[in-house]
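Both complexes shown next keep chain A, but they swap its partner, so chain B is in the first and chain C is in the second.
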Partner chain A sequence: MSKTPTIITGTVGMDVHVIGTKVISRALRESGFKVVELGMQVTPEEFISVAQETKADAILMSSLYGMAELDLKDFNQKRLEAGLNDILLYIGGNLVIGRYDPKEIEPKFKALGFDRVYPPGIDAEIGIEDLKKDLKARGKM
Partner chain B sequence: MNDVRLLIDFGSTFTKVVAVDLQKVEILAAARVPSTVETDITIALEQAIKEITAKTGVSNLNEKKSLACSSAAGGLRMVCIGFVPELTSKAANLAALGAGAKVVGLFSFKLTSREIDEIEKIAPDIILLSGGTDGGDEAVIIHNAGMLAKTSGKINNIIVAGNKTTYDAVKKAFDNSGKHVIFTKNVMPEIGVLDTAPCNKEIREIFLNNIIKAKGIARAQEITGEVIMPTPAAVLEAAKLCAEGVKGEGGYGELMVVDPGGATTDVHSIAKGIPTSAGIAMVNTLPEPYVKRTVEGNLGLKHNIDSLSEFTRIKKIPRNFDEICRSFHQGHLPQNPEEVACHLLLSRVAVEVAVTQHVGRLEKVYGPTGEMLIQYGKDLTGVKTVIGTGGPVIFSSNPREIMEGALFQPENPLVLKPRNPTLYLDEQYILYAVGLLAQTEPEKALLLAKKYLKPI
Partner chain C sequence: MKKMRIVNKRLDDDLLMKKRREVLDKWPTGKEVDFEEAAAYQKSLPDSKVWWKVMAKLREEGRMSVFPRAGTPVLEKMIELCQGLRESGVLLIPVTTDSYTRLGQFEKVQGILDECNKTGKALLNGYPIINQGVKQTRKLVESVDAAFSPRGVSSEICIASGLTTYECGLEFITWAAYSKKMTIRELVEKWQNETRVAGWYADRGVILCTDLHGWLPTAPFPLSVNIVTLILQALTAAEQGLKAIYPLVHCMGNMTQDMAWIRLTPKLIREYLDKFGYKDCQIIGCCPAQTPLFPNPMDMGGAFAYLCYIAMVGSLCKCNATDLRSIDEAAGVPTKDTNTVSYSAARWIFNVIREQNIDFHIKGIEEEEKITRMEVEAIINRILDLGDGDVIDGLIKAVEGGVMDSPWSPNITVKDKVLGVRDAHGACRYLEFGNLPFSNQLKEWHRGKIAEREKIEGKKADYHTAVRDLWSFSKGKIVGLPPYDK
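Up next, the complex of A and B:
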């Protein structure tokens, strides 16, 4: 890679299901990214301030406990105010309670500012390929 | 000799003066004279002081030691500009309201030339320019500074309270614009943090040094001491003092002040507003200020009676309701029983709606453990003191009936109004005076409030 993009990972809100972000963080590092691994129970505000501080290129959030929509209610406004209008936002996991059709959920999270929305159990490689594609499109790698 | 202090409020309709004996902590006399701001503010003032002299028999009143506040000549009119509506725009709005201003315009994102025209038409006394957290967004505030720099001489005082990293660029944008630009700390230095105090201080300074001169209010200072703050700020100061008390003299604890008026209904709360029941999560884009003032611009008993009467229609309205409302709008005061009933109902609704807007609310959401309650805004159910002030309550035949509009309603359990407070009436109209006196003699001011606020 000509530039090494910085990627932030973590679970949002009160969610403690941290394994997924550990797997993805490792996969990202192995693919040559610089990873800031925030681990579990990261508040939206922490994601924002760490992104400002590290000049990160993308935030990859995970949420398995079904409360992501509430946790991220004002996230889009906050990140704009914080000057993060150009950062890539991905989220994946069990984003709402119970069984759901991922297609129904996607527009909700797109409206919250996310560029890509993944259902649970997706292969890390798929996400990383998407990430490379999106970063290249923005001239960031 | 008794130490008599004059406390003055230059209102848009009346100039009010109250003379307080500081030793006995007692109101000696009060006077209310139609304001003369349009011609010469000192005419009404001199007349009011003459009345006071006649009533008290004290001829050597020390006018120079008096304290005054003003809401004359339109009050302190401010336009607030931020980036995101729920964040820096709201933070700027809260800061302006907390300084006693009347917010006459609120703008977000990059300003357009159309909005700049609108701002020029509004011609506010002060513009508060915010946008971006410190180290956050830079583009919007710099753009907006550039737009404001091009405005005519009608726009003069600008307070910048945004992303500090942009200050050099913002300063440059205003170079040679001839505007009076003050830089202070960011109203929202980081996400989730509100810092209105530095901004508040600058607003008061500009009010003191520039605005009152421009409005002819400063002429009063030939006779009196300084006009130190806008009237709503004095009421807010009184509320703060009454809540917190002073060393050696306890206050009322957390409280709420409700002030319905001719044009607006103001609500002030001095309370943390944290959840009072277990298991409730709080979700706030911005933290709620401990000292909070909200102004319902569409709830007035005279100027904004149209919108107020619309809110009233869901209740059982008396006969001739529309006709009577029209007469109130023209300045008629209630006389016959029908009019009195109508005025009472309208005042009650103004209080009900304004307090509902001010307090927080609960919302139900469904989580992994079942139903959850989320709190937005301040929980004021535990507030034990609610004070009513303002003409419509003070001069009402049944102030309690009006003030009960501020109470928790079992049929709306998710609206967090005070459940079981003691209601007080500011029957002597002294809250502004308490707020003024609090600046120099806080203990006497508190004792004055305790003496004259009557439980109803």
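Up next, the complex of A and C:
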């Protein structure tokens, strides 16, 4: 019997751009996931504590204001300290300030612990297909 | 416990003075503000730095200026940025603050600002005006011959620095777009306090201008709720003594609808100000604004076209200003160069189109005006009922009950039971009405418009249609099947 994976969504840092997380949260629910929707302005610490509390399988973060890197400086270390070694981490949006090639910033965020990095304006379905694939690979679905 | 009734009544100045100091005590630079000296400094400013005078002059001369967005943390770079704007013809200059300043995280800002100053790098997405303080910011104001306006922060540090608009508590935009948990009651109290501060300066002969944003339509959504908030803000600010306002009109991309809203909004605000006895509060202009989602940072062509569209609509409607972002808006902090090309493009349209003073007739514009007016009047009448004639008491109850509502709200106290989609011509219509107090006739009108699109697309409009429409304008297609809809 397969269990229902728990996914946390939210906009990280001081960012208020919430629509992306609202869209993906609803799409995740419609795809059968259990969703913990934290909304806008979620601190990295809140993501970590909610992930511990809910035993979440993945965190899907959004950021549109260009300061995600600053917000997530210590995130990877803190989540490893919290024992969240096995959680999937996705992030998408306008992740840096300035005009950029999304391929160039991917390694930056992978180094911060993220498994997948998306440019702005991606359909929710694309992320959800990736999520299913990754969860299955880890035997969580 | 029954909550205390908040009404539209001028605040007591003794109470106000205490609160003003408390606000300034939040960061050491607040000590640089001496209220009477600030008023005297404001009075000493030349007309070219006084926002309402610049806008009035533009209107008289039949010209317009762009009101851009620009902010970078290091003072010298900020001066350079603003001088660049002035050179490209901008008379109305923004001091856009960074996201942390907007949230009052001054200690965090200080650490990053120190690093910015050391390295010369822009690590904040704006100018941290509170941490920079009065002395530093006066240097900025005195370096450029233009009027300055703070963006994203409301503090007397801005007034004392010589900025001549005042974002009175940032109004609805803070509550509905930047706050997760603030209630409408908290917003109203903040708004009354801050508008009274502007009123205090008006009593001393310093007229600070306030631009009203209202409750932002965060996605394709008709403007009627937004226009109601603009009217209520005008009425309640005027009660506190504010003397100069101008509305922003959030253009959504359907030209007929955008022009109807630009024509109607100042008219409606004037009517209600007069009706409630605030004849001395002047509406100093009308400013079409670039509000919906931007083209992504890599789509420079789209970003150019988008800003030129707003410049064009403003020019045709004979506005005196437009609220424009640069082509770098989606990329974050604009550089001097991208500002220059962006605003030269807008200025080109102002010079060529605005000065032709074109009279136009567009089919459908009267109908859009009529429908929006009916919607606005329906909501305001319900607010007055709910508040026993008091607009503030009624507003609080209206928001709490979803009589005023918005989709995709970041604020969790908003009902969020409404939804908008575009129709067959790209105009914004209500798909879900929630508790909006509209007659059946109005609802049927919207349904009829949406039905035309459904017929073309061969499927019912629903939540997924609304999701696809989120990107329609930024991807450059608002009519018919979006190109990304496979």
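Note that the second predicted complex is superposed on the first by the 140 of 141 C-alpha atoms of A that agree within 3 Å, B and C clash if a C-alpha of one lies under 4 Å from a C-alpha of the other, contacts with A are read in each partner's own complex, and residues count from 1 in each chain.
Convention: a contact is a pair of C-beta atoms (placed from the backbone, for glycine too) under 8 Å apart; a residue touches a chain by one contact, two chains touch by 3 or more.
Note that the structure is a prediction, hence the values are computed from the model and not measured.
Visitor: Just from the overlay, do chain B and chain C fit on chain A, or is there a clash?
Guide: Clash: chain B and chain C overlap once superposed on chain A.
Visitor: Looking at A:97, would you say it contacts chain B, chain C, both, or neither? Reply first, second, both or neither.
Guide: Both partners.
Visitor: Output check: A:29 vs chain B and chain C. Expected answer is one of first, second, both, neither. What do you get?
Guide: So A:29 meets neither chain B nor chain C here.
Visitor: Once chain A of both complexes is superposed, is A:136 in touch with chain B (first), chain C (second), both, or neither?
Guide: Neither partner.
Visitor: Name the contact category of A:48: first (chain B only), second (chain C only), both, or neither.
Guide: first
Visitor: Examine A:110 and indicate which partner it touches, taking first as chain B and second as chain C; both and neither are also allowed.
Guide: Touch partners of A:110: none, neither chain B nor chain C.
Visitor: Between chain B (first) and chain C (second), which, if any, makes contact with A:15: first, second, both or neither?
Guide: After superposing on A, A:15 lies in contact with chain C but is clear of chain B.
Visitor: For A:66, decide between first (touching chain B), second (touching chain C), both and neither.
Guide: In the superposition, A:66 contacts both chain B and chain C.
Visitor: Just checking: does A:78 make contact with chain B only, chain C only, both, or neither of them? Give me first, second, both or neither.
Guide: After superposing on A, A:78 lies in contact with chain B but is clear of chain C.
Visitor: Residues of chain A touched: more by chain B or chain C?
Guide: For chain A, the partner with the higher number of touched residues is C.
Visitor: Should A:3 be classified as contacting the first partner (chain B), the second (chain C), both, or neither?
Guide: Neither: A:3 stays clear of chain B and chain C.
Visitor: Which segment, 181-189, 199-207 or 361-369, is the chain B region that clashes with chain C in the superposed model?
Guide: Among 181-189, 199-207 or 361-369, the clash with chain C belongs to 361-369.
Visitor: Common interface residues of chain A with chain B and chain C?
Guide: On chain A, the overlap between the chain B and chain C contacts is residues 65-67, 70, 97.
Visitor: Where on chain A does chain B make contact in their complex?
Guide: Of all residues in chain A, those touching chain B are 44-45, 48-49, 52, 65-67, 70, 73-74, 77-78, 80-85, 97.
Visitor: Would you mind writing out the residues of chain A in touch with chain C in their complex?
Guide: My answer: residues 13-19, 22-23, 26, 39-41, 65-67, 70, 94, 96-100, 119-121, 123-124.
Visitor: Using the touch definition from the top, list the residues of chain B that touch chain A in their complex.
Guide: Checking each residue of chain B against chain A gives 83-88, 131-133, 135-138, 163, 188, 190-192, 283, 285, 365-368, 374.
Visitor: Under the touch definition given earlier, write down the residues of chain C that touch chain A in their complex.
Guide: 99-100, 102-103, 105, 112, 122-123, 125, 177-178, 180, 218-219, 296-298, 300, 328, 330-333, 408-410, 412, 463, 467, 470-471, 474-475, 484
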